[in-house]
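Shared between the two complexes below is chain A, which pairs with chain B and chain C, respectively.
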Partner chain A sequence: MKDSVPAKSTGHIKTRDGLTIGLMMFPAVLMLLVCSVYPFLWVFRYICYDYNGMTAYFTGARNFVRLFEDTAFWASVGHTFEYAALKLVFILPLALVMAVLMQQKIMGSGIFRVIYFMPTIISSAIAALVFSFIFAAYNGVLNAVLRATGIIKQNINWLGDPSFAMWAVLILAIWGGFGNYMIYFMSGLSSVPGDVYESAMIDGSSGLHTFIHITLPMLSPMLKTILMLAITTAFKDYESIMVLTTGGPNNRTMVMFLYIYRLLFGSNQNNPSIGYACVLSIVAAVIVGIVTGIYLLLARKLDDVM
Partner chain B sequence: MKLASKRTLAKVTAVAMAAGMLAACGGTGSSGSTAGEGATNEGASGEAAASGDAVVVEVWSNNRHDETYMTQMIEEFNASHTDIQIEYTIMTDDWANSIQMAFQANTAPDVITIAASDGMTLSDYVNGGMFESLSSYIAEDEEFQTVTEAYDHMYEGLNSIGDDIYWVANGVRSGTRIEYNPDLLSAAGYDSVPTTLSELVEAGKAVTEAGGGSTYGFGFTSSGPFGRWLEGVGTMSGCTYRGYDYTTGTYDFSSWKPLIEQAQQIFKDQSQLPGSETQGVDNSRALFAQGAFAIWGNASQEAGVFTDQFPCSFEWGVAELPTLNGEVTGALECTPNFGFTMLTNSDCKDQAWEVIKYFSSEDFMKGYLEGGYTLPLSSYMSGKIDPSKTGRLADFALKDYEDVYPTPPAVTVDGDDYGITIWNAILGNATADECIEDLNTRYNDALERALQNGSTQRVIIEDYDPAHPSAGTITYSAE
Partner chain C sequence: MAKEKTVRGSSGAVVSTSGRVARGLLFVFMLIVGLLTLYPVLYVLFGSFKENAELLVGGINLFPKVWSVDNFVEAWQQADFSTYTMNSVVIAVGVMLLSLFVTSMAGYVLDRRKFPGRALIYGTFMAFMFINVGSVSLRPLFELAISLHMNTSLFSVIFISAAGGQATYIFLIMSYMKSVPKELDEAATIDGCTFFQTFYKIILPLLRPILATVALLSFRGGWNEYIMPLVFTMTEPSKRPLTVGVNMLKNSGDGAAAWNIMFAGAVIAIVPILLIYIVASRYFIDGLTGGAVKG
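After this line comes the complex of A and B, so read on.
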């Protein structure tokens, strides 16, 4: 009898708490269902249709056959890997080095932090528009500077020459993204205890030695997260490319999500192909998923080794 | 007591959050909500306006260049009507998709502007149940017929399907012309624009050489460069319109080979403003206006561009396009514009028709045409306006060889469309033969796919005349 009262009371409290928790979770769950689950299911709805936004025509498995015959799409997948690999190779070391430098207590580092982070908060479309003026072959700032410093003798057609267009796109991507990763690295660096560095200094460790044997290992948990974010972001980039080069010249900078975007919205001379774009979206998601999965696997194995 | 208060507070907060979320998600969008970058709408379609029992007709436009005139005339209409009020919204971006999405969300307006250059394939919108046939309204309105000459300007697949008329063009955009800098041409020894493409290419080379690295022969843009003027050179020379052979009902780009090869020479000679092919259209226009290059090509909208938007630092000239051999053997495409169509979800169709009638009326169109916003399409309106009031638009008056082409079957090709593909070949990224083989394969594959799933029909004109493409008799085939 004595035990039953508290039990009843606890059950009552649990029910009331459950209701409160349920009500509190409801908005988030609803948003998840509406904004994430429904669009994801919607993509599957049209994979067997030729859908132009108004009328859907059943085409069976033809979109899947088209997928394997579409050389332009697979070329865009190749460009995506190239773009992502080059972006990561440059942006992460640069962000890490800048983060280490910004951690030093030197005069003006606060201002530089703001300057380096600023591109992150600028719309990628606007940044691309500004860079299109910078890269302009005829009267662009970049060519003018390179010529004035004697680095080049003839103007480079940054956006129109297939040999340079990918580099132009990468310069914009690195400029726009490294400040963000720099902040991530700085937050990681701030968690490294200062006394470890003091010990290293007492032991006579050089700056580079300290960086390789203390900073990097202690950053590794943060580095794993940053790398995963950087990989997924790099594979999904397309907005700035769309404004800067529209995938050209001759599709040299056409990445897979830009290709899908063009199919989804069509053009004056080409109807939208929403059903096929849905198939490609799934394939693209699988590709990004596989790459991320491989990275996580490698990171785990690396942990075991270390 | 303290714990109970906290619980109560938590519950109230949770309920409030949930209710707020439901309210946010469950609110039905008013058809009068603000759209795009244009004016703010306040009423809802077909609802009584605040001023009384007036019905509000919502009109969406993708034209910004005529905003001043439209606003003024709509204010006059609203002031003189107690039964109908027009709510006018301009939204220039992503037009076709915006209309489709608004229609699906039941927030579409009653009337929208439409032009042949909008790229809205009529059959798709009719099959999708979006456009209302205006035929019965037109049949009962003799004044409308007289002013617009609606029955003389029925273009199968463009503004009509069979006997059903879905929109009537009140104006027309001319085919493309060469806009040129006479000073630069003169300095290179040319008094006029050559009449063949090969000679024009030579002229561009001469201007570039005379410029010594500061001025150039041609300027292009990344925005639809092929369609700006080179495509017109092709169709005037008898090349297939958008690659479609109306006599066989298949795609055949082989007639484009000489044009591709001659245009490639521009880039081999490096007669183009460096990098202009990667610049936005307004950047290139601004550079032309500054005198950076001699030859630019575009349609009649440039009359306003080089008069108001980017006034030229020189007296710019307008010339007819050259052809491959100096003879005009095909039609230059002109594009009917400034039309209005009614959407099927309008719940005030009679009032919407009154608004369309107003926009197509003689008084309205006289001011519009004399304002230089477009060229007249109907001979009736041509006779009513004073051409001297249209400014430089008079230089773009329609030529005998300009015509409206029938719409080829709507297809979705893999990869780039023909405009981008041919342009890539002109830039030197493929030979003419490679380009043509690629286009023929992809376009005919896409046509077969569309025929199989029933989304399009083969368009065949047995008596097709490339010099008079709108004159033939169209038949459709599902096979």
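After this line comes the complex of A and C, so read on.
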């Protein structure tokens, strides 16, 4: 860690400067300790308790037994993987294609860039609310358009039918996120020196050929970072799902962090089950950690091949 | 020189007819994606001027049959949206000011000074960008706020929201500091400036562009915050921001009857941040790549 931080010292620290430094760092460190470190340590405090927000009973290993018997949780883990995989499969190619198109300096690309990035500015809770209107089964505009164009004859219950709800969630996720990754890709593409393209053109390389054999490999260091960001973000998404489907229907779109949220703050049906939620949070963090680790390993392997 | 020009000319296949057709097709594709991206926003924007009866029937019309501002009047006067809006403004401005205050100092000190614990602090910031225990961290913070009697105070919401964003902003400022010559600090010290004076009088004015980015990003962060204020205002409806207030209507049972109010509420929540974005889109877009992805 030390090595990655460039030494910027302008010499030894005078006592008065030391005090100033301490005071200037204090608010940031306080916020870090209170809002990141303390909650992290707190999670471990209740893992062996049944805690409902008022009283805590020691239950030994019962939370862990419950973990293995909790099929609803493991189903939510499955949904998280399904959601993350599908989101990445759609959003990354789309974002990359749009980024490459942006580079072609086609008419209006400045305005398009602003439009594509716009959804990321809007609160995901509000966006999800708007999409719940769009997806509404009887008076929603999506069904109305599909009916008017003759694609469907009967209304699809997007948010109430288990076979469509995940797609509704994904459409929202793609709408809300592709502009974000497009900007990442654009910043990666702009670091590919222009003369590389010129020499490729001199060699008579076609557009697609240039893209596959020159752009992608040159992009790969950046691609790795972007992919990692995309993976970890996709696993953590739950705010918009919470608003759009509340995990339903029939838990079909219940992702693991939403499942944990409901245990923590309760829903109408159940009391908070905080100790158990702490155990699940650790499990969820470990799952994300393992996925990231596997990804990094694969990325390194790929590096050796390429 | 002349040779280079001919190369450029021949490589610019874009001028040829087939190239022009291809570019035209690409433009159409971009236009379609752009319209699909814009559609939900236009839909809710124009829908908010429709009468509830029209909203409940649905249909594919984008524009209202009858334009009416009743939804906004009703939302503002009867559905507490004036309170929600005020709370959103307080949270967003609060998060912005607190973020600017905290991260400008921390970013400067972390970039310019070596002090005991520096690596630990930097490392902890980095670590918590990756460690994520999700919503569970809201529970201890909520209980801490209760024990401090601050569980219904908007300051708690502001503090936690600013804390959530600060690592990104500190890294943004640190990477911007690399472009500020260290000689400036040294000259100021020689001229008799204390460490803090150097920061306040010399560095801070130079940081203005990156601070603008931090201000906009943190304002957006506070304005769009949902789950955390939802938890903190569970028992205190008068402290709810727009995001929470609008969504409460959705879950309140008579959801269908309140479509018009929710449309108006969603528009009130979207339009201010959208206007800021239209004016300052460059800062939002640059802020994303300035510090977040450093290959």
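For the reader, a short list of remarks on this structure follows.
One rule holds for everything that comes next: the second predicted complex is superposed on the first by the 273 of 306 C-alpha atoms of A that agree within 3 Å, B and C clash if a C-alpha of one lies under 4 Å from a C-alpha of the other, contacts with A are read in each partner's own complex, and residues count from 1 in each chain.
The rule is simple: contacts are C-beta pairs under 8 Å (C-beta built on N, C-alpha and C of every residue); 3 or more make two chains touch, one makes a residue touch a chain.
Predicted, not measured: the structure shown is a model, and the values here were computed from it.
Aligning the two structures on chain A places chain B and chain C in a clash. With both structures placed on the common chain, the touch criterion links A:Ala61 to neither chain B nor chain C. Touch criterion not met for A:Leu297: it reaches neither chain B nor chain C. In the superposition on chain A, A:Leu216 contacts neither chain B nor chain C. Contacts of A:Tyr138 after superposition: both chain B and chain C are touched.
By the document's definition of touching, of the two partners only chain B reaches A:Gly248; chain C does not.
Of the two partners chain B and chain C, more residues of chain A are touched by C.
Within the superposed three-chain model, A:Phe257 lies in touch with chain C and out of touch with chain B [touch as defined at top].
By the touch criterion defined above, A:Val196 reaches neither chain B nor chain C. In the overlay built on the shared chain, the residue A:Ser281 is in contact with chain C alone; chain B does not reach it. Once the two complexes are laid over each other on the shared chain, residue contacts for A:Glu239 go to chain C alone; chain B is not touched. In the overlay built on chain A, none of the stretches 78-86, 96-104, 168-176 or 186-194 of chain B clash with chain C except 96-104.
In the superposition on the C-alpha atoms of chain A, the part of chain A touched by chain B in one complex and by chain C in the other spans residues 16, 20, 24, 27, 31, 34, 53, 132-133, 136, 138-140, 265. Taken together, the chain A residues at the contact with chain B in this complex read 16, 19-20, 23-24, 26-27, 30-31, 34, 50, 52-55, 57-59, 62, 66, 69-73, 132-133, 135-140, 155, 157-160, 162, 245-246, 248-251, 263, 265-273, 276. Listed in rising order, the residues of chain A touching chain C in the complex are 1-2, 5, 7-10, 13, 16-18, 20-21, 24-25, 27-29, 31-32, 34-40, 42-43, 53, 98, 101, 104, 106-109, 111-119, 121-127, 129-134, 136, 138-141, 143-145, 148, 175, 179-180, 183-184, 187-188, 191, 198, 201-202, 221-222, 225-226, 229, 232, 236, 238-239, 242-243, 257, 260-261, 264-265, 274, 277-278, 281-282, 284-285, 288, 292. Residues 7-8, 11, 23, 26-27, 29-31, 33-34, 36-38, 40-41, 43-44, 47, 55-60, 101-103, 105-106, 108-115, 118-119, 121-126, 128, 130-141, 143-144, 159-160, 162-164, 166-167, 170, 182, 185-186, 189, 194-196, 199, 220, 223-227, 231, 234, 242-244, 246-247, 250, 259, 262-263, 266, 269-270, 273-274, 277-278, 281, 284-285, 288-289, 292-295 of chain C touch chain A in their complex. Within the complex, the chain B residues that touch chain A are 7, 10-11, 13-15, 17-18, 20-22, 25, 94, 97, 100, 117-119, 121, 124-125, 127-130, 222, 224, 242, 273-280, 283, 287, 292, 410-419, 424, 427, 429, 449-450, 452-455.
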